[in-house]
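Structures follow.
In the two assemblies presented below, subunit A is common to both, partnered first by subunit B and then by subunit C.
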Partner chain A sequence: MIATADSQRRWRRLFLIVGAIVAAYALLAPLTSLDAAQSANVPLLADKFWFRIATYVVMFVVMATAWNIIGGITGYAAFGNVAFFGIGAYTTGMLIAKAKWPFLVALPLAPILAALFAALVGLPLLRLRGHYFAVASLGVGVAVGELVQNIDYNGQPVFGGASGLFLPIYAVGHRGLFFFYLMCGAAAIAIAVTWWVLRSRFGYGLIAIRENEEAAAVLGVNTTAYKVGAFALAAALTGLAGGIFSQWNVFINQDNAFPIEYNVQMILMALLGGTGTVFGPAAGAVLLQLLIQFLGGSLPISIDLPFVSTEARPIVAQVILGLLLVVVVIFVPRGVIDFFGGRTRLSLSYLRRSLRDTSL
Partner chain B sequence: MRRWALLAAVAIAAIACGGSTTGGPTTGSTIVLGAPLGLTGSLTKESILTQQGYNLWQDWINARGGIVVNNVKHPVTIKYYDDTSNANQSAVLMQKLITEDKANFLLGPYGSAATATDAAIAEQNEIPMVEANGAAQSIFNQGYKYTFGVLSPANKYLQGVIDMAATLSPKPTTIAMLSADDNFSLEVAEGVNTYAATKGLNVVLYKKYKNGATNLSAEVQAAKAANADIVLNSGHLQEAIAINKAAKEQKVNAKIFAYSVGPSTPDFITALGKDADYVYGGSQWTPQVKYTPAFYLSVAEYVAAYKAKYPGLGDPDYHVAESTAACLALQRAIEKAGSLDPKKVRDALAALDVTVFFGQVKFDSRGINIYKPMVVEQIQNGAHHTVFPDSVADAKPQYPTPAWDQR
Partner chain C sequence: MSTTAEPQLELRGVTKRFGGVGAVDGVTFQVERGEILGIIGPNGAGKTTLLNCISGVHRVDGGDIRWEGRSITGMAPHRVARLGIGRTFQIVRPFGSMTVRENAAVGALFGSSAARRGPKQAFEIADQVLELVGLKAKAGQPVSALTIPDRKRLEVARAVATRPQLLLLDEVMAGLNNVEIDEALEMVRAVHATGVTVLLIEHVMRVIVGICRRAIVLDFGHVLAEGEPEVVLRDERVIKAYLGERYAKRLRTERGQDSPS
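Coming up: the complex of A and B.
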């Protein structure tokens, strides 16, 4: 059943209004923590804990939006993007901790190095397709983390080794606010880049590759250059998030700079929100990261799950995330943005049609 | 009928208790301590031991009405969150404890990685964190002012064995060091490598292996080829067991086998049976140590209190003891500061020097306790004995270790 033009507009308007309110609140609430606001007795809407959670959420907005460029628009399911996050984190980390560079000078090198690395491994890797590419990219993600931990020179670990890398705590007033807005800036860049890609000749080429790579080549798309370009672009944005993370978190090691679970989470976020769209991955990242934090018991609002002891809660949280992945892939394959964005309406027949399409 | 009588008795007791605590002018606000722990995930076992140590102290202090600050008794609650053994989550929860739960002070998580991440949170919020389960020195080399570790740092773990070896005769002279490649184990190994020479011992072999390796026969083969008097392992329980098994198979007859982690746990003896005999281990604390505590329980009372609260688990191991010691350090600092102000308590922690059942607790300028010696224990006839230093030992080291075919 196709939704009428009228209800399409209604849904679209609702989505835009809700999205705008959420974004406005998230962007304005931090201002209440400024001294001027506090002395004027404005209620505090964003404390340090709010900043910690919100910065994580926005960090995933960057990563999911970046993944969308290679995974959603180009159709190459990259499972190892965490490698770029880690490279970004270690680039700024090394420049600040060892070379004593100032943070804001070191930060731009994070996306540059991540993109260079992506271009380098992308050349052989992007010749693979489907599952082969997914598995090979996952391998790269794991291998880079192991290399960073284990490279020694004269018996001394080059990148801090297993001890990890400590950065000096960044000397800036309102640290939480600073890193939150910085991460928001990265998210804005990621979304703007996606918007541009989808409207450019480059983007049309990528979509052509996703739909039929041979046909795209015949039409004169330089598929290798386009694919590597998309991979490097995704890597640069992911590396930027990693670079900010390293200074924000102060301490990085293999575990927190190359967490395997981020690979799956950023993909799930893009799927949940809607791959190939501008705002879908961002919406998915906000929803899913808040759900993850909620299930992990770190949000101020928390409910006791029935029949679940507190000890079993993290395990149940994993099960819920897994079920969600299954439900999303089967029932809302084009993401929630599909109906919130006004293209179709969420209805029983929509779910039934999706189920039929997956030929289950 | 009996149930009603019981209920009535409980009710009366509750009223009586309530009356006695609220009636006097001496009860103040509750002090909230916060600790994220890996109650699920890969660090569950050690995290639960940590929690047991914290809870033992909490019961004791609340039975006495709380921490006394300027003649006002403040009861204590320790708020725990499960960080699923994930350091990032630990940091989020630390911030939640500070901001949402208004924790006055912090207790450490389990493990060096989580402690490192949480130390940065404590520092940025200027709330003191006393920790007992992150021994990596890198945490304490950052110039942080709000993190204090009551345990001996990683580099000291096997130094006790070196000290002991220097007193034995015939004096062993060569060392083979087999180390896992995680940050804690590497610091233990580096500690030995730099310290051995000062005691006239030579590290003739230093081999690193992948953390968690299950087959270490090649490493043991190398130790045999080096013909070292002392075979040291800086790693974990499973690796220590693997090395000991390989040493028997390959008939490596060193005079001393000493492992950083493993021998102190009951699992080590269960897994190896008689082959566990003569093995030495470095330990933060053993139930046999003899320290004269300035307050809290004596060592024997502590062991008894643990067995009463957690029956069926045997003696408390050092994870439990050091965790309790972290609480004691915090308690004494709050009392000395005479205030709940985080900065004043921080200063009191920095100036703290007190001996408890765990040993001396005193922090160097970096915030780590370098003053308490590590003890050396040896398994003798299937039982743990503390053999070094002499002042706390309950047995003499059985030295040298007999050859495998003469046991």
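Coming up: the complex of A and C.
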């Protein structure tokens, strides 16, 4: 017992050190693109391309971590969270493009509006449980995107319609760097919020709801308020990512603000990393987003997949992601975060045990 | 002074129907502060439904439920809990991903307005409650490691941690052996000794006779008899409800022969 506790502590420390080094590198490497670093002949670790991928990765860290609050901690499998991303994107987009608000003033309204919308639809939706909630939330996710594209007033599309919405470019030096760090800030907020939730009365109430909603209610948990609160919190964080995205990308339309595949991806990331944990969804987001980019052939390091033509790569990537989802759900039900910190080791017996636990 | 004369909990003609069936049909009784009241009755008599009505899990179709003189009819479960009415479930419903200690702490984090502490204090209360029900040694274990009797203890611990004034216990002794029942009785007495009124649904007659001063018999959603347990259990209507008409007749003739008249 003492030996395992000791080795657990050792593993935990090792994990933290390695994690801190990797995070520090990922956060500091972009700085070598600054003029000062370039004139000092610091070896360049980053180019424009790197920023794009890195910012996408961090954006998914925010979304997967946010999904974890409603899907992982509260146990309500929301399949339509992309609606909040889109609402956030269009809130900032409209305020900047049409109302000419400055970006940093418009940005806080993205999470606020997304949270308000979540509270509104959450009240009826969160009365549903299990598959019913999942399907209904997916419906909302799709419907909001269609509405945004198709709402007209006096024959004019209100939100830019099918041609989308163009934003003025945000005047800031080192734009790529700026938006990368801004997205990192959003990720830090999302992770900090999760950390706080899991230690608070609110979090214990949410976990109680996940484990047994009726038992939670008779112990005094206001289940409706808590579920709506968790949904709105997840929406706010997802909306924040959307708000940053719209100014970063300068152009938004239904395709890039409401992509249906994001719904599945953020859930897959949380599952892969470990639902209900603080860092699991973030770890899952990094792993999976890098894999998606790699399979799509857009990483600097890339190998030719055998028997696959360049055109077919995105399709093959989708197939591989689907297979991965199946394998993860069956064999790593608690996520890869289980292997870090020395709790368990990846072994044949672990996979066999998981298979037994997850099969009927 | 009038408040002290008032019953703690009062049911007036409480009715709950499922489809056409009146699971609870016009039930009227009172619970006095500080007593241990037993509710017995055959399967399907409406005992659990009655508990669900009181705790707000079911919305009643008729009648009035009053807590300290104020109507709580139609109140949501969490608001009933906050007033100081705690309950357990017949089929235990632990929070599986939490430890024993965390399960109890949820009761103290939420619960009645007397509870509702911050996490640190809630865990202190959880430790006290686990000691009271005899689960202290297993506080750090996951729920999955607990035996059935221990899970029933945990169900009680969680409800007690909400600091209730009235505790509704739904068959906490069902499925326990004789030794375990004795231990569970000890636990209920210990909880009662802390000043909690107890309303106990039970199948095991020995429990009712051993611990209750007063019992209510429910049958087909109606109150069949009310009074001291020993008296109630000899009531012919009660015997009929449990064992059928023929057995009741046989018992009547046997008793007739026994008596010297």
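Definition applied: the second predicted complex is superposed on the first by the 346 of 360 C-alpha atoms of A that agree within 3 Å, B and C clash if a C-alpha of one lies under 4 Å from a C-alpha of the other, contacts with A are read in each partner's own complex, and residues count from 1 in each chain.
As a convention for this text, a residue touches a chain if its C-beta (ideal position, glycine included) is under 8 Å from a C-beta of that chain, and two chains touch if they have at least 3 such contacts.
Here the structure is a predicted model, which is why all the values come from computation and not from measurement.
Once both complexes are superposed on subunit A, the partners subunit B and subunit C fit side by side without clashing. Judged by the touch definition given at the top, the superposed model places A:Arg313 against subunit B, while subunit C stays out of reach.
Between subunit B and subunit C, B touches the greater number of residues of subunit A. In the superposed pair of complexes, A:Ser200 makes contact with subunit C only, with no contact to subunit B. Contacts of A:Thr223 after superposition: subunit C is touched, whereas subunit B is not reached.
By the touch criterion stated above, A:Glu214 is placed in contact with subunit C alone, subunit B being left untouched. In the superposition on chain A, contact is made by A:Phe166 with subunit B only, not with subunit C. Seen from the CA centre of subunit A, subunit B and subunit C lie at an angle of 140° in the overlaid model, rounded to the nearest 10.
Here subunit B and subunit C sit at a least CA-CA distance of 40 Å once the structures share a frame through chain A. On subunit A, the patch touched by subunit B and the patch touched by subunit C do not overlap at any residue. Those residues of subunit C that touch subunit A in the complex are listed here as 55-57, 76-78, 80-82, 86-87, 89, 93-98, 102, 105-107, 109-112, 115-116, 118-119, 122, 158-159, 162. If you check the complex, the residues on subunit B that touch subunit A are 39-41, 81-82, 84, 87-89, 91-93, 95-96, 98-100, 113, 116-117, 119-120, 123-125, 136, 138, 141-142, 181-183, 186-187, 211. Remark: subunit A residues 47-50, 52-53, 56, 150, 161-164, 166, 168-169, 175, 249-251, 253, 255-256, 259, 293, 296-298, 300, 310-315 touch subunit B in the complex.
Only residues 199-201, 204-205, 207-208, 210-212, 214-223, 276 of subunit A touch subunit C when the two sit together in their complex.
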